[in-house]
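Lettered A, B, C and D in written order, each chain numbered from 1.
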Amino acid sequence: MLNGEKKISRPLRWGMVGGGRLSQVGYKHRSGALRDNTAFQLVAGAFDIDPDRGRDFGVNIGVDANRCYRNYQTMFQEETRRPDGIEVVSIATPNGTHYAICKAALEAGLHVICEKPLFFTTREGLEIKALAEEKEKIVGVTYGYSGNQMLLQMRAMIEQGKIGEIRVVELQYTHGFNATDKADKISDAQKWRVDPKMAGPSFVLGDLSTHTYYMSQLIMPHMKIKRLLCDRQSFVGSRAPLEDNAYVLIHYENGAVGRLWTSSINAGCMDGQRIRIVGSKASLEWWDSQPSELKYEVQGEPAQTWIRGMPYLDDQCIADERLGALHSEGLTDAWANIYLKFAVAIDAKKHGDEETLSRLIYPDINAGIEGIRWIENCVRSAENGSIWVNYEKTYEISEQ
Amino acid sequence: MLNGEKKISRPLRWGMVGGGRLSQVGYKHRSGALRDNTAFQLVAGAFDIDPDRGRDFGVNIGVDANRCYRNYQTMFQEETRRPDGIEVVSIATPNGTHYAICKAALEAGLHVICEKPLFFTTREGLEIKALAEEKEKIVGVTYGYSGNQMLLQMRAMIEQGKIGEIRVVELQYTHGFNATDKADKISDAQKWRVDPKMAGPSFVLGDLSTHTYYMSQLIMPHMKIKRLLCDRQSFVGSRAPLEDNAYVLIHYENGAVGRLWTSSINAGCMDGQRIRIVGSKASLEWWDSQPSELKYEVQGEPAQTWIRGMPYLDDQCIADERLGALHSEGLTDAWANIYLKFAVAIDAKKHGDEETLSRLIYPDINAGIEGIRWIENCVRSAENGSIWVNYEKTYEISEQ
Amino acid sequence: MLNGEKKISRPLRWGMVGGGRLSQVGYKHRSGALRDNTAFQLVAGAFDIDPDRGRDFGVNIGVDANRCYRNYQTMFQEETRRPDGIEVVSIATPNGTHYAICKAALEAGLHVICEKPLFFTTREGLEIKALAEEKEKIVGVTYGYSGNQMLLQMRAMIEQGKIGEIRVVELQYTHGFNATDKADKISDAQKWRVDPKMAGPSFVLGDLSTHTYYMSQLIMPHMKIKRLLCDRQSFVGSRAPLEDNAYVLIHYENGAVGRLWTSSINAGCMDGQRIRIVGSKASLEWWDSQPSELKYEVQGEPAQTWIRGMPYLDDQCIADERLGALHSEGLTDAWANIYLKFAVAIDAKKHGDEETLSRLIYPDINAGIEGIRWIENCVRSAENGSIWVNYEKTYEISEQ
Amino acid sequence: MLNGEKKISRPLRWGMVGGGRLSQVGYKHRSGALRDNTAFQLVAGAFDIDPDRGRDFGVNIGVDANRCYRNYQTMFQEETRRPDGIEVVSIATPNGTHYAICKAALEAGLHVICEKPLFFTTREGLEIKALAEEKEKIVGVTYGYSGNQMLLQMRAMIEQGKIGEIRVVELQYTHGFNATDKADKISDAQKWRVDPKMAGPSFVLGDLSTHTYYMSQLIMPHMKIKRLLCDRQSFVGSRAPLEDNAYVLIHYENGAVGRLWTSSINAGCMDGQRIRIVGSKASLEWWDSQPSELKYEVQGEPAQTWIRGMPYLDDQCIADERLGALHSEGLTDAWANIYLKFAVAIDAKKHGDEETLSRLIYPDINAGIEGIRWIENCVRSAENGSIWVNYEKTYEISEQ
């Protein structure tokens, strides 16, 4: 169990790009990173495209006014000059800016933590990966939900053979907040999400399903997609070509099949993500509206509910526990788990501790690239008439 | 509300083919038909392929030993000679026998109530439909679950515009009782289900999904399928070519999309059917593991649960209520509703009351044919590589 | 599993007092008794205080007009003269009439099945018990919910030590349909329930809690009440002195404690009964809004849900199964189970088969008397200032 | 909505007594207080009765080794000498030490935040209240769960008349972790809880039910207890006279009735707290195992579920929202809400801003005293034979 005691020698000096006053996700980054003040310290930021608002905000959350910058370029320039400059930066800006900021950060010698979907193309992803390797820096991706330790429980149970061989994978991340186009018109955060220039080649596939897809890989690291078929729609027409609803069918290499549904027009749905893994003996099911519960259903036996915080859980799951059973944890705790692992990864990287890095399970650059790959393959299928396509490693290259 | 008082002038004289001692579904037929003794009276039967066991069983449920026949042919022959002979027969035998028995029954001048899937081909369905019209007889199909009155509530709410325009249709009928091949080897009822000669061109698509598909049509009579894609698997290999798991993607003519999942290898799943209809304003969701509850989720408002038996429900729903709120109804009540409608239809047919017939909502011959059509289209897609196929009215003919 | 085959040599000739067109519970009696037509045949009735309406109703459910009587006295007189007269009668009339009708029925040589609460006083109960013994007749009491076989599962698990020693018993039967006095004014069925002359010394204690109390005894036959305290209220003042809400605290002889809450003003509550038995190792919980599920919670282990119809259940539970897992059963099935046991008991009594009688678990005259005893003790506590009172076997006598 | 921006001019300098490495609750204090680093800064501590372990721990969570003190006396002495000394201290030690530490802290001129139950007697509570007033200091009590904003939603809905007049109050805080005496023997945190010298006159009444009782007052501030009856047990005998299970019956001054069940032997129960408030028109129900959901059940209408983070909620509820709908909040968020209000209260007190103080809803010294009063009255009833007792303002005085 975690209680806030340090996992690395000292907190990392941390800055943010974006995530200011109007950002909902920015607060999740801070809540995760600063949970215990033993992993990160927020010392600088370029929080807003409106520099004055950004400075005011930064000061209000305790950042020195002099280190509230007008843009990320200035921040990287100034901070790298300081002996106490930031070591790591989080990027919580619209998708279309991730690549440039990420590249600049790495070139400035910073570790990077970036929002999903990471970039627009796997080619960009591979380029940044090469740059990170060259610079010996970590790139983490904030698949925030994936920090829920019950997912590690699922992973452990599958690895232990508790469900048998995997046959069917059901993935869902849907909500209904964009059932009408109202949000597109009012909210800045929603406006750019349906603009291909800022959002990239997808809306909900990138914005929502990359989380769930990553979580499926976290749970079942051995499961590789062989081919898929994606059927996507823009029920609010103004969003076309970007989809507000998509269905994906999946064939895995081991013969298993899967489905994913992602939507922002699933009116009234408040469950967010649902994951069900069906094996030859039993199934596991987790919903993020009840994040402390894991259904374990062995065919022919009473259904079981495994509950967060209990001693019968796997060591890997308990290691990320903070509050103990009966005490509800939420998304903030999941983000704190992710951010703590980013800190440990960065610390290990700094010390060349490759063993720690090799054992650490967290959403790294590869997970970020895989998310882009997922989108690319889905979009390619959808744009070709919702047909089956082989799951290509690098879409652009393979297309040539 | 129903309380058992007669809806037709006198109970119909009723016989059964199949449904004997070893049949699980036979008891559902009897429980439904004989609920109040005012719609049907069981007076004859050819209950079993083992005539002695069939006679013993018949006597044990109160049928005169002389009217427990060795096979359906004898029953039809003998009963038609009697002045008090049966007027209607229910067929609860393996799929592969439906067509012949149904035809013989109609030719013997009987009304028919038959298990699903009705026959193997729509061609057979159209032929039997023509025969029934010629003979002026009713053919009902026992989509038993569809008698749950909460489905009529969904139908009414959709018709009243309470969810807006339909966008997404989620259908599911899965269980895990065939996760291994054990059942195929032990249970006679399961053995024939995976034998194409007796089961027809599908296993779970026919055995399970025809129920859910009919229910979707009951709820949304205006929704027509334009094209679909079916991906099916035989996770227990000995079942091939018949599937124990299938995914279907659907495009409706109005632009809505849908999915259906049917499976008998969804290990540990005990929910049976789940139906979710997403509209532009709200969604409706019903699970048959909680058959008295209907979720009505208006986007942006508190979620609602509408509960069976309550006065706020639609008249059509309340009309089929038997016990009142707080008092759980189950599948027996649903079958009783269906069978009562069969009786009313037969009675109306006898009296040439076409007005009653035109208003009556029940699973008739057309619903049976539509079920076969659904299977044919699914199988056609699956066999051609799980591709999109236009939804054809009559598969065989369209294939020529 | 039950499938409708006969359990006794021939169906019993059965009549009803009350339970006519306006009665909600009458239909439950008929649905239970006539489920399979192998236990009872309805051949006579005095269905209504309005004889014409009663006759019309009787004919409508298939009873010979000549055997639809103007009152129970006439029915008993006429039927006893017939060679094919009724052998058993069900009484579904207001509480205040049970004693007289029951007495008359026994004196006419009939077996009796009577609604709860059986009579107003245990003294009446003991008198009728003596009369039934003298006449060698069965008196059954329609605690209808108690026919749910999952209660037998609870009984078996407790007997097998699966929860350890019982410590805490939580009982609840509440609804909100009488939150206002509207029902008292409109519905005849509700009017008499708040009139002490017809209802007896209690409203919800008798009308609701006797069910749950009986079920608790069915589940835990070894648990005896040592003392109790009852606090009752009439939130709708016109109901005083009869209560529309009551709390009971219980001390059992083994040191366990318990609570019961019964109410008809629990606004919006649609769960009906809830039973939780806490043992030293584990708990069992059942709600009648989800009658197919039994929660089994072992301290320190994953929570379990045991589901109706599954092979892992106890033999006693499976013996009363009708539809099989995945197929919802409801209150009608529970009533059918109770009525079938009444038939078996009557048949055994007729044949002097005391061994069958001694093994049969069903709500008999003793269960009926115990229900009255429960009410008497609760009312005595409440009327004396909601104080602790020793649980007296016969209130009136012990008071002298 | 909250996003971490400062609510007071600068963070308060904060110290802790107790809450060290072995303390589960200490981490909750820190997670709540330090959520955003804009309300509190942890600068000192006497974290442990083992001073070395305490210092090591303090350093590990970022406290200067020189300000990790061997005991609270030294901390108060040293810190008051520093110009940058602590302004406020949190006390997370066994109950028996609260009074002395609290008194010392106030005398040292510190604001105080203290665990519940606050002290052993209301007399102590009144004395400390007088001292706090004299010193012009805030005393806050960490009823941590009460920070869940859905409780404010309940408060608002009740105030707005949405459930009518309150009739029945159902309160529960139970778990099963002490079903055996194992925990008493192994865990230090549990050992003292069953030792009257450290725990005071109760175990679960103080440890658990004071939370729920406070929450009931938060939700229904106008409801005053007139009399109560408490029946308590020690199912694990070694805990006597302290109870591991207790039932309380309540009569409110307005005629409403209530019950509370608190237990640590409710084997397998993982729901923690449940609160149901029944009004004349509707009921509200909240469970802390599903802290984002509020059931609103209007009699005669579909049941509603109001969900955290949605715009339809009351302003007071939304004001404490952090993550937004679909994003689960947990106990950490509730503690953060409470601690933020402590900070605002302290800041207002410092500035003599009595208007802010009068509007602020948080668990203050009066709430702490009321918790003791609750225990005293319950214990008095239980010790006198589980009888009804008038709810006395100050037990000890009234007894003279």
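By our rule, a contact is a pair of C-beta atoms (placed from the backbone, for glycine too) under 8 Å apart; a residue touches a chain by one contact, two chains touch by 3 or more.
Quantities reported herein were computed from a predicted structural model and do not represent experimental measurements.
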Please name the chain that ends up farthest from chain C once chain centres are defined by their CA atoms averaged.
A
Two candidates, A-D and A-C; the one with more touching C-beta pairs is A-D
CA centroids of chain A and chain C: separation to the nearest Å works out as 56
Dist(centroid_CA(chain C), centroid_CA(chain D)) in Å evaluates to 44
Distance-wise, how many Å sit between the C-alpha centres of chain A and chain D, to the nearest whole number?
35
Enumerate the residues of chain A that touch no fewer than two other chains.
177, 270, 296, 301, 303, 307
For a test of understanding, state which residues of chain B touch chain D in their complex under the given definition.
296, 300-307, 310-312
Chain B to chain A touching residues, read off their complex
163-164, 167-168, 170, 176-177, 179-180, 229, 231, 233, 235, 245, 247, 249, 255, 257, 259, 261, 263, 265-270, 278-283, 296-299, 301, 303, 385-388
Interface residues, chain C side, partner chain B - complex:
3-6, 11, 21, 24, 26-28, 30-31, 34-38, 42, 57, 60-62, 175, 177, 270, 272, 288-292, 307, 322-333
